[in-house]
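Each of the two complexes below includes chain A, the first together with chain B, the second together with chain C.
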Partner chain A sequence: MSDLNPPTDPERMKTQLPARATRPRNADAKPAASGAEKTRARPGGLFECIAEGRQFESVVHPDAGHDEAVVEIVDFRLWYGETQALHDISFSVPKGKVTALIGPSGCGKSTLIRCVNRMNDLVDSVRVEGQMKLNGDAIYGKGVDVIELRKRIGMVFQKPNPFPMSIFENVVYSLRIDGVRDRHALEEVCESSLRGAGLWDEVKDRLKDSALALSGGQQQRLCIARAIAAEPEVLLLDEPCSALDPIATGRIEDLIDDLKGLYSVLIVTHNMQQASRVSDNTAFMYLGRLVEYGPTETLFLSPSLRETEDYVTGRFG
Partner chain B sequence: MLVKERIARTLITAGGIGTILAVTLIFVFLAWVVFPLFASPHTLGSESVEALDATSAPFRFDTDEDRVLAWTLHRDGALELVALESGERIALTHPFGETVPVSASFSTAGDVAVFGFADGTIRVGNVGFETEMLDEAVAAPELHALSTGEVATRGAGVVERTTAGQLRRTTVGFELGEPLDTQNPSPVICIDHAVTPSGLSIVTLQENGALRVSRERTKKNLMTGKVTVSLRSAELAAPIEGAAPEVPRGILIDGLGQHVYVVFADGTTEHWNLADFSAPRLFERIDLIEDPDARLSVVAFVGGRRTLIVGDSSGRVDSWFPARAAGSDDDALLIRAQRFEPGDSPAILVAASPRSRMIAVAFASGSIALYQATLGERLLEIDGDEQAGALTVAPREDAIVARTSSRIASVEIDLKYPEAAVSALIAPVWYEGYPAPTHVWQSSSASDDFEPKLGLMPLVFGTLKATLYSLLFGAPLAILAAIYTSEFMAPRLRASVKSTVELMASLPSVVLGFIGALVIAPFVQDVLPSVLAMFVTVPCVTLLGAYAWQMLPNHVAVRWGGWQRFIAIALTLPIGVVAGVVLGPIFERAVFDGDVTNWLGGQSGSAFGGWFFLLLPLAALVVAVGVAFVVTPRLRSRSGRWERGTVARFEALKFVCGGVLAVALAALCALLLQAVGMDPRGGLVDTYVQRNALIVGFVMGFAIVPIIYTLAEDSLSEVPVALREGSLGAGATNWQTTLRIVVPFAMSGIFSALMIGLGRAVGETMIVLMAAGNTPIMEWNAFSGFRTLSANIAVELPEAVVGSGHYRTLFLAALVLFSMTFVLNTFAEFVRRHFRRRFSGL
Partner chain C sequence: MSVAPEKPPREGKGAGRRIRRKSSLTSHGEPMVWLTGASLALCLVMISGLLGLVVYQGGRTFWPQEIVQVETLTGDVLMGQVSRVDTFTPSADALDALPDEARVRVEADMRANEGSVARRMLRTENFDLTGTHFDWIEESVIAAETKPEWAVVVERTAKGRFYGVPQAFLVDGEAHTVGSAATWGKFEEHHARILARVEQIHDLERDDLGHINSRIERQRLALREVELARGMESPEWIAKERETRALVEDAEREFVTITDEIGRLRTINDSFALRFETAGGGTAIVSLANIVRGTPVNRIGTAGKWSVYFDRWWEFLTADPREANSEGGVWPALFGTVMMTLLMTIVVVPIGVLAALYLHEYAKQGFLVGVVRVAVNNLAGVPSIVFGVFGLGFFCYIVGATIDDLFFGARLPNPTFGKGGILWASLTLALLTLPVVIVATEEALSAVPNSMREGSYACGATKWQTIWRIVLPRAQPGIMTGAILSIARGAGEVAPLMLVGAVKLAPDLPVDLGTFPYLFPERSFMHLGFHIYDVGFQSQNSEAAKPMVYTTTLLLIAIVVLLNFVAIAIRARLRRRFLGART
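Let's turn to the complex of A and B:
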């Protein structure tokens, strides 16, 4: 865990700063159970409590809840068949800010973010309880038009997934499916979205080329351009840099920084540095539960729980 | 572990190489059998022996199968036997005694002969080779010394030791029947005969100008068992008193005893028809010689006695046969079918091969040319310096034997397979009796006189037709089913549906074939109007159902999105079928004059109904495109603000209006086409045959659905989940995702699935064999049968003589089939790889 350096230790942070140029450790293969074992060594720990399925209260710092919420999550629970994967999650994603979801592998970050635009509907065995709201509108419930809902939410996935068509068509995809045929409008949206994703200068001369010819980082920024072309109310980024090299990762992070304020972003990341660099708020999850949620600074520098501190400083995870 | 891996690798490599080797070997074997077809004919050598002078052109000259003995019937009535090995005359008899025949005619095979005499009588005879096996024990001692192939003269015959080691004696038998009176004492100067299925037909010309045809009637007395032969005659031209008519160059009667040709030296020919025997009719008088300076020098029949070979003094050789003009019921008139490569001097003799359409023509300069009469090709030219007096083709077609004034020359030939020349296989050929060159496959018949027609095109056409119709039916079904299961069906159902469809593939095609032929074909014939109507009603009802579903309130539609929707979809099929059953007969009464089968046969009704039915899908397409590209975009700005229900109702209204518009458009076009005088019958639709392309489309469609479905489904489910999620995440509906992302991405796989389905359809045998009627005709009519390459091989190979041209042509058909499927599969694989590389960025 050497690259998950604790920002609380200024000395180590200094030495580790160049680590930004090295490939971040993104695919944490360590099973969550081993983390649990580690904590079991310390009797009465919170992780052990979670592992045993006992009730506990998530710590939500009050200063995280001041802003207007774009996504509100209330007592959200999710089951894959018989297995419960998310337990009573409640927090809200503030408007115009970047909210990061961190936690060890298998903690349910991706599951949670995919619930926001109901991508989990595609999985047959999923059952949910509780509620989520997008700007006050219920996301779950009978009679909710999922298609309409998804049009209001942009999503970028772990692996860049440009469609096998031209760059231009990729960007204006969401308009195309709405039946927009006005060439002028499409071109306008294409340019503004590509500019918004910081890709315009690189591809403006080859908009007709296949998107598959782009590099991985460019593809991911193209996906971001595609997501923001629809003017989404919230942008979901599911580990957007996990398949990218450090330079491409850096550009994406800069981009997320630029998007801050324009869009509400919910980002899942494995990379502690990334979370600390790009996000305003951070939620730490463990084994399907929200452990601690608060402003990023607070969570990284003075978390309420020792477990959070352990995780963000890399002592565990 | 390492050892296991090595063994596995070796085994897999060996298996792969073995497979490639096996396929290559099959290809090589097919090519090996086919190759001799394309070898050109050649001579193997010639030999000649001195023989005693034949005074004048003899009546007939012939040799036996082994070419050890030849007989000549001279004009003076002498029958001469010559041993071909030595040229020694071994017998000279006078079977006619004092009454020497004036004229004679012989069958192509040489066995039946008819002679005309000066007193106006005719006699029927049999002349031919007789062979007997000699008993070694009682045979003369000098014969014991004969080794294989050696020949000895023995009495009026020749003894030969066969390859089997036996002694075989060949001699010539000659029998002569009782004189038959023609009731006209004038000498019979010209005579010809044909052995027809109903007996012997003889045509005679007498010196006083009487031209008559006689049919032999054999009566058997039931009490005494005595057989009496009498003649029933018909005058073609009554004798002209006093005036001696010009003596014709020849008179000929065709193999069926139907046509009589009286040919004069200037080429003028009278063509008589004997269809009504009691009243022969002069059909036409035609000049067979174009060139006014040339004289007709020889005329004879090709084997089968239908095609005339006409040679003239300038060396030109043509072939003529009677044929009806295309599509008419008029009389069959003589037409020139082929003009052969001419010789350098007058053609003087024609000898027809007894076993094929090959003819040998001797020219005055001494050269002999061999022609293939059907194709009009010159196979061989044999130079010679002495004019032939008699010419014959050896019975096995392995030599040409010519008798000149002092020699008997035999030229050994190897003709290979002239009837299966490349031009005959792929180009239209002018077969006997056909009004024009056509593609025909008709490889064999009951008669030896049969002209083999080995055009592969009807079979290739049949294969393509079977493939096309089955793909038209099966491919959309399979691909749409694959898209539905992979994109819209609940994953739990998907697996069981897929394995059920795959179960369809386990039905043996022979079972499908006989169900198609014995159950579906008669059933469809019974309910044809309903079946045809279902092509319209089922899609319409399905679409209507879709629009109706859209009209459901949103929360209901969302809640019923599962099995309820599936049942609703499934229900549209029976409703569509019932609608077809109800509407079909109504439609039939309205536009097909009450009976669609009669209408198809062209017996009743106007062209309107057919055009309407054929144009309806086209009109629907035009209307759909028009609505999608013209109407919808104009309405979009307004409909964007509408409620969901309003939009749905409006869309349904649009669909109904579009449907009405399509019907009106189709009707209008149909009326126009009818007014112009065009009729769909004769093209895409025509006379209904019970086993037809439609039935094959159904049944073979059923057979190729599983393979296309499975492969297409596989390629659809191979589309990365990330792409689907990306599209859905952008707010696309399932349908939009499918059309815009999934299908384009899986296109290569779907395409190769189609190609492999195509390959399966091309190679399919049992279904087409049983349900296609096996008529090798070339028409696109959906209601007629056809014969495919594969079915043809299955039907004919067991009966083909091994090594014959027919046999090798069937192997060629197999090779063509092999190449077609090979090319299709390779192309499919190529396309798949190409696309895979294109999408490798993902």
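Let's turn to the complex of A and C:
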């Protein structure tokens, strides 16, 4: 079990990078960076360069770009009020594969993933530039129906958030809001989604019970079932295991493995083992920028950048 | 590494510390425990004292007390029920007025009791004969006290109670029985039938005559409408006029038949009477039709007393008031209170919830919303009479008058909606309790975790779908709490009601299943709270009304508690349904 709590676990990251994690481009960032620099990074390293806001090119490995893209991100920038949280991000999420987003806390992973289904519209101060495309359709721009767009995307959050209703109603929620009333169709979708989320055997006898009576791990799998019930074109997972114990985490990881091929998955994780185990491609972000993106194997075993290597091996901080 | 675990202090230092600690009162837990506990105890004592008083006084009103007959040293004989016992200090003049023997006794009593004398208040009634309802008697001037076996307390339809010993049963003025037992037997045999006839007369007067009256009234209104629309002397008006005259003639014939019937029933009833011997030795005749209930209290035993007790409660809950509200029942007030509260709830909950939804879910949180929120909160602190004035000025005089102009022109200048009524009262109270619902709902809405909303949006739900399917169900128990609070506040409010429709006496309920259109939201109504005020402060016989004040208060508390219990039960069910076994 100990390997599930590697040196790069989120708690440690946070404690080691307090100033940067919460306030990018803050003056305080400098001493912290120089502390790191003394032991590992080159003088004038990439992190320093990013922290100072200088231009740099993200490294995108060519073999990550061969597959057909389900989500394409082009020069994407985002501001929370005056603060820019995402800088010129460009990469594409391949169809039918699992793509992991890694990076220290506060680097903008959640922000980026929430941009894909435009959850950031709910935040008043957000302003974006650049474009994202879902299977070729623009996500941002005039005339985009956000409701329709969200129906094509499934999302699972960090903390399980089952609705206060029965298990059955939770799973078929997205059909309900579309006005589906056919009992038979609903039951079919409910069963196949629960099977897909590996929860069917545990709850098949208590579909009428409140979803809040399930355990945390079961709740999270229920949320996955709810997300796949609408047959989404892409599944967004924002740290789906961070509120779970190692066993429940293992089950979710197995589940993501099973979903591979059926769904395109974009997953945010703080756990390097998890990223290397479940993902095909990995994107490493730092302070709102994409640093390196490529096949997981390349990124973990022979990354082009020293910083990426430091981060994935847990020597960074 | 920098902070070492604290080591236990060494002798000298530790002792000094301990002394310092002792010097501060707050460093000990106990004083605060006692203070907080005492405050709680004080609250509990006050609440239980209030409830205890109301329950005790209200609960015993209907218990039939024994009738005593006392003879005083001055030679007076009084019969009645003891209603109060206390002590007082008689003035010198009053002492001088007493006959010698009595004065000696009273003075002895005064010496023994530090200058005060015990006395009791006897409810002697027989107001038409004696001119008083109550008499004070000093204990020391009582020469003899008996409990006559056949003493009867009679509750009459008018002029208060009557105390006496039945002597004879009279039919058309002739005595048919001799002796109390035989007379009373005869009375019990006939009384039910006579009450049935009284009821019949009442029905004839209210329903049959009432219907004829309202038919004529409707016809007159129709005629007036034609007159307003077409003018007098127009052919339509002439036709209508002829129709009206025919109808009125018809009605008058019916009227005569019914009045004849009423007269006949009255004559039968009036032929029966009871002759009583009163305390002073005289006799009095009471017509059976005037007797609501006669109880030979000293004979009936405990079971009989319980039966009378419940019978009087039943009358209290179901009958109309008698004798300027100080006797009889409170049914119209009970009905008015419950109906007004329900109407108010039906109005205030949806409006309050929708308003809170806008404030919390739709409005962009900013300065303006903050101002609105503060304003709503402050509205809760506005004195209720202010709402009454607003209700009168806005609902009755502006909205009501407009409705009258538009739809009830024929009845003018008599207002229909342009005066106080149960609808306006409900709306006024809805306004009064609106802040309660808004604040409670907003609290409930903020308690719904944002992650739920996000989950719903992520599934492609619209804002309203999210609110309707996720937020509202989750917030429902909290919203019910708001409704409960508003019911509790609204049901007990009296001041504004006096301005917008609560009246002393309104036997016509706002719901009448016998007359089209069955619901009369414009009617004024009776309300328990106002009834308490009226009985307690506006009746001439305030001593007799006092027990009724307590009983009505008890009923009002019971109603509020009951309404709350219903709402709490609904809330508990919702909780179970929406939140499942855990959390």
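What we mean here is this: the second predicted complex is superposed on the first by the 274 of 317 C-alpha atoms of A that agree within 3 Å, B and C clash if a C-alpha of one lies under 4 Å from a C-alpha of the other, contacts with A are read in each partner's own complex, and residues count from 1 in each chain.
By definition in this document, contacts are C-beta pairs under 8 Å (C-beta built on N, C-alpha and C of every residue); 3 or more make two chains touch, one makes a residue touch a chain.
It should be emphasised that the depicted structure is a prediction, and the values quoted were computed from it without experimental measurement.
Student: Determine, under the contact definition given at the top, whether A:V74 touches first (chain B), second (chain C), both, or neither.
Tutor: neither
Student: Check whether A:G143 is in contact with chain B, with chain C, with both or with neither, and answer first, second, both or neither.
Tutor: first
Student: Given the touch rule stated above, what does A:L262 touch, chain B (first), chain C (second), both, or neither?
Tutor: In the superposed model, A:L262 contacts neither chain B nor chain C.
Student: Examine A:L212 and indicate which partner it touches, taking first as chain B and second as chain C; both and neither are also allowed.
Tutor: After superposing on A, A:L212 lies in contact with both chain B and chain C.
Student: Please work out whether A:I177 is in contact with chain B alone, chain C alone, both, or neither, and reply first, second, both or neither.
Tutor: Once the two structures are laid over each other on A, A:I177 reaches both partners.
Student: For chain A, which residues belong to both interfaces, chain B and chain C?
Tutor: Residues 117, 119, 122, 124, 147-148, 150-151, 153-155, 157, 159, 161-165, 173-174, 176-178, 210, 212-213, 223, 226-227, 230 of chain A touch both chain B and chain C.
Student: In the complex of these two chains, what residues of chain B are touching chain A?
Tutor: The contact residues of chain B facing chain A are 490-492, 554-555, 558-559, 633, 636, 720, 722-733, 736, 740-741, 744-745, 838-842.
Student: In their complex, what parts of chain A are in touch with chain C?
Tutor: Within the complex, chain A contacts chain C at residues 117, 119, 122, 124, 147-148, 150-151, 153-155, 157, 159, 161-165, 173-174, 176-178, 209-213, 223, 226-227, 230.
Student: Once bound in the complex, which stretches of chain C touch chain A?
Tutor: Those residues of chain C that touch chain A are 364, 449, 451-452, 454-462, 465, 469-470, 473-474, 578-583.
Student: Flag every residue of chain A that touches chain B in the complex, lowest number first.
Tutor: Chain A reaches chain B through residues 117, 119, 122, 124, 142-145, 147-148, 150-155, 157, 159, 161-165, 173-174, 176-179, 181, 210, 212-213, 223, 226-227, 230, 236.
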